[in-house]
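In what comes next, chain A is part of two complexes: it sits with chain B in the first one and with chain C in the second one.
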Partner chain A sequence: MNPFRAAIAVARKDLVSEWRTREMVPALAQFVVLALLIGNFGFQIDSRNAPSIAPGILWLALVFAGLIAFGRTFAAEREQSSLEAMLMTPASPVAIFAGKALAASVLLILCEVVLLPALSLFFGTPFSGDLVVAVLLATIGMASLGCLFAAIVARVRARELLLPLLTLPLWIPFIVAGGQAVQSAMGLPGSYDQAIGLLIDFDILFVVLTSLAARFVLDE
Partner chain B sequence: MNKLNRFEKASVGAVALMLLAGGAIFFYAPTDFLQGPVQRIFYLHVSSAIAAYGCFAVVLLGGAIFLRTENYAADRWARAGALVGVVFTTVTLVMGMLWAKKVWGAFWVWDARLTSTLVLWIIYAGYLLVRRLTEPGRQAARLAAVVGIFGFVDVPVVHFSVTWWVTHHPGPVIINDALPAQMLATFLFTMLCTIVLAAVMITIRYRIETLMDMKQLIAGPVHVVITREPEPVQ
Partner chain C sequence: MSMVVANGLTHRFGPEIALDSVDLVLDTGEHMAVLGDNGAGKTTLLRILATALRPTSGRLEIAGLDAFRERRRLRHYIGYVAHNPGLYPALSAAENLEFFCDLQDVSRSRVAEALETLGLASVAHRRASLLSRGMQQRLAIARAILHEPRLLIFDEPDASLDADAADVLGHVMKGRTAVIATHDHALANRLCPRTLVLRHGRSLGTATHLRVVR
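Let's look at the complex of A and B:
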């Protein structure tokens, strides 16, 4: 069985199921807007300091939205024990994992479609292609790691506790490089190109590593 | 002395070595000209960092061997290494913070080395939590092995990703000949003693893990029943 077609089929299944229920994306969109609201009350933001505060709020909102999105990735499969059924098909566990990760990143990207314009709207920070590229590159690596650890904790008792504890430290490289890139995209000092280069390096490293590890996490 | 078993003898030996190292640190090593007595933190601070890396290498190796061979002894070594490694990382962090307060004027700065050590601590504390929250068995061991391997890979990556910020932490002083002979001798001796201590601790912990696994095995039939996840109650 062609692994790419299997991955696309799994992703399509997840996205169709999301389209029929329309649960996650509206909830995530509302969550990020609420996060911006809290950022507004937590800081004294004016037009001068907005570019130095907005990147931090962006990453906080994105990271926690990501935790919610990836935490739900395997929830439906667990509740209906459908993961075992999928693993019994000839599709390789890596292809199934890639499909789940793809679907989860699409959901997170849809949430970013709300987050990035809302950030510019509320805080008056510049909205640019550079900003979008930086956030998208970070999303790829975060999605691969987030999905791997969501699969790991899916079989653990206190999964809601454990997912952030395991995932957040591993996301730090993406937040460091992505944070730098977003800051430069908003006009703060720092090299944008260097940060984007690092993000691409981290994406390649962690996509390869998670694909290698997926076999041990899903295979049973 | 005959009453002691081999683990107790090893512990007594390791503690005696650490006391000797303490003697060397306070009475043999000269006082640093610039920093004064606080520089004596250096010996144990760096030694326990090296011991912690050694422990996490045990976790990495144990996890990798378990994934390949399903040998439970390898998993027990990994569990023992993670616990002892977290202890030594804690020692490194606490001593480093005390030293930093005196020399840099703050307990914490977001420097590359400090950030990556904190991440190291968080990852392996998470590893221990994974072990606590999973029912012991093949699944738990495989999941934990993946966590241990990712943790080991992530730390150099975190370190690299923050190094473009200004770093406060001194670079390696041992390699470029900056230490006087007496300091170097004290450091090497302390490092040796700390590594022996870590090895003894891991061995004892390995024994405890073995006994706990045997207990699981004896309680086998009951265990099979409780590992089944209950159906979600609506």
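Let's look at the complex of A and C:
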């Protein structure tokens, strides 16, 4: 059994389902734009303080959009009782987990396609390749952790409450390193390369750890 | 040769005993029905036989392999239909099966054959959410036979099927070992020469050509 084939099949299935139902992406895009609007009205933004305030608003919007996106990945499978059918196949649980995480990451990246230009528009901050790279690197690690905890809490009733409680503390490294990288990309002092290096390290660490843990979480 | 050998299968959900020391031997090609009231332990037994649930204690061998050590290997041998069809509502009938072909590592050419067998060829491109409950159940059965399993396990497959349920099930069970949980005694007698009766998680024994005595 080729695990890549299984992972791609799971991701494609989730993305086709989302494309046809359009349940998640339009709602998430509206959510991030509203979060930016609130941030824009809530703070007195000018050209001097925008680069220090905008990264905070960006990460707040991303974190809460991520919680919604990742929370639905396994909850929907449990609700329609399809997870057991998937786990009854010879496909490895790690491949199934990777496919779900990949699809959830793509959905969050689609939100970022709206979020990053909107951030520049509302806050007048520069939009650059460095900014995109920092956000994408953080998305990878956040997706692997978010999907793992989504799989763990999917079988309990209070999952909407438990998911942020479990996930947010472990997302802090991404928010700290990602925040530093985004601030540097927006022209504030700080080492961009060092922050990106940290993000890559965290990505490797958490992708490996969550892949190992996924086997035990999904196996029964 | 025995396809299923179970010794002392016991399962607890917290303090509740769902299944209590059930022994079972099923020969290759044999069909057996599992009868019992609601809460008798039928679904728990079937989920254990399908290797979807690990028993609290007891031993299970399927096709001569330890069911829980060789679980992933055995999944090539087992086709399981749960009480709930567990389909993807936004995908068509054919797409649901194609997805499971990818996970089962079998050719997608099996899809047309499975749909034909279950009488679903005319609705192959209809979304699963638009199929009737009976058609969804047939689609779940089609999914279970995609990889040509040797052992079929059906949890109340007749619950939503129409009058020709017995013919459909009889057709897919032909040449395979099968275990069916059902409340329909007539269906059990027609499809399965042997019946296991459960009550409060305990086996009341197996019988051939069951006569129901309450």
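As a working rule, the second predicted complex is superposed on the first by the 220 of 220 C-alpha atoms of A that agree within 3 Å, B and C clash if a C-alpha of one lies under 4 Å from a C-alpha of the other, contacts with A are read in each partner's own complex, and residues count from 1 in each chain.
Basically, contacts are C-beta pairs under 8 Å (C-beta built on N, C-alpha and C of every residue); 3 or more make two chains touch, one makes a residue touch a chain.
Model, not experiment: these values are computed from the prediction.
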Where does A:Ala27 make contact in the superposed view: on chain B (first), on chain C (second), on both, or on neither?
neither
Quick one: classify A:Leu87 as touching chain B (first), chain C (second), both or neither.
second
Identify the partner contact of A:Leu60: answer first if only chain B is touched, second if only chain C is, both if each is, neither if none is.
neither
So, does A:Ile109 touch the first partner chain B, the second partner chain C, both, or neither?
neither
Under the stated touch criterion, which partner chain does A:Ser17 make contact with: chain B (first), chain C (second), both, or neither?
second
Using the superposition on chain A described above, determine whether A:Leu165 touches chain B (first), chain C (second), both, or neither.
first
Could you look at A:Val132 and tell me whether it touches chain B, chain C, both or neither (first, second, both, neither)?
neither
Could you tell me if A:Ala213 is touching chain B, chain C, both of them or neither one (first, second, both, neither)?
first
Take the contacts of chain A with chain B and those with chain C, and give the residues found in both.
220
Okay, in this complex, where on chain A does chain C touch?
1-2, 5-6, 9-10, 13, 16-17, 20-21, 80-92, 96, 220
Which residues of chain A touch chain B once you look at their complex with the stated criterion?
79, 145, 148, 152, 155-158, 161-162, 165-166, 168-170, 172-173, 176-177, 194, 198, 202, 205, 209, 213, 216-217, 220
Along chain C, where are the residues that touch chain A in the complex?
50-54, 72-73, 75-76, 78, 80, 82, 84-91, 95, 99-100, 102-105, 127, 140, 143
Under the stated contact criterion, what part of chain B meets chain A in this complex?
67, 115, 119, 122-123, 125-126, 129-130, 133-134, 139, 142-143, 145-147, 149-151, 153-154, 157-158, 161-162, 164, 229, 232
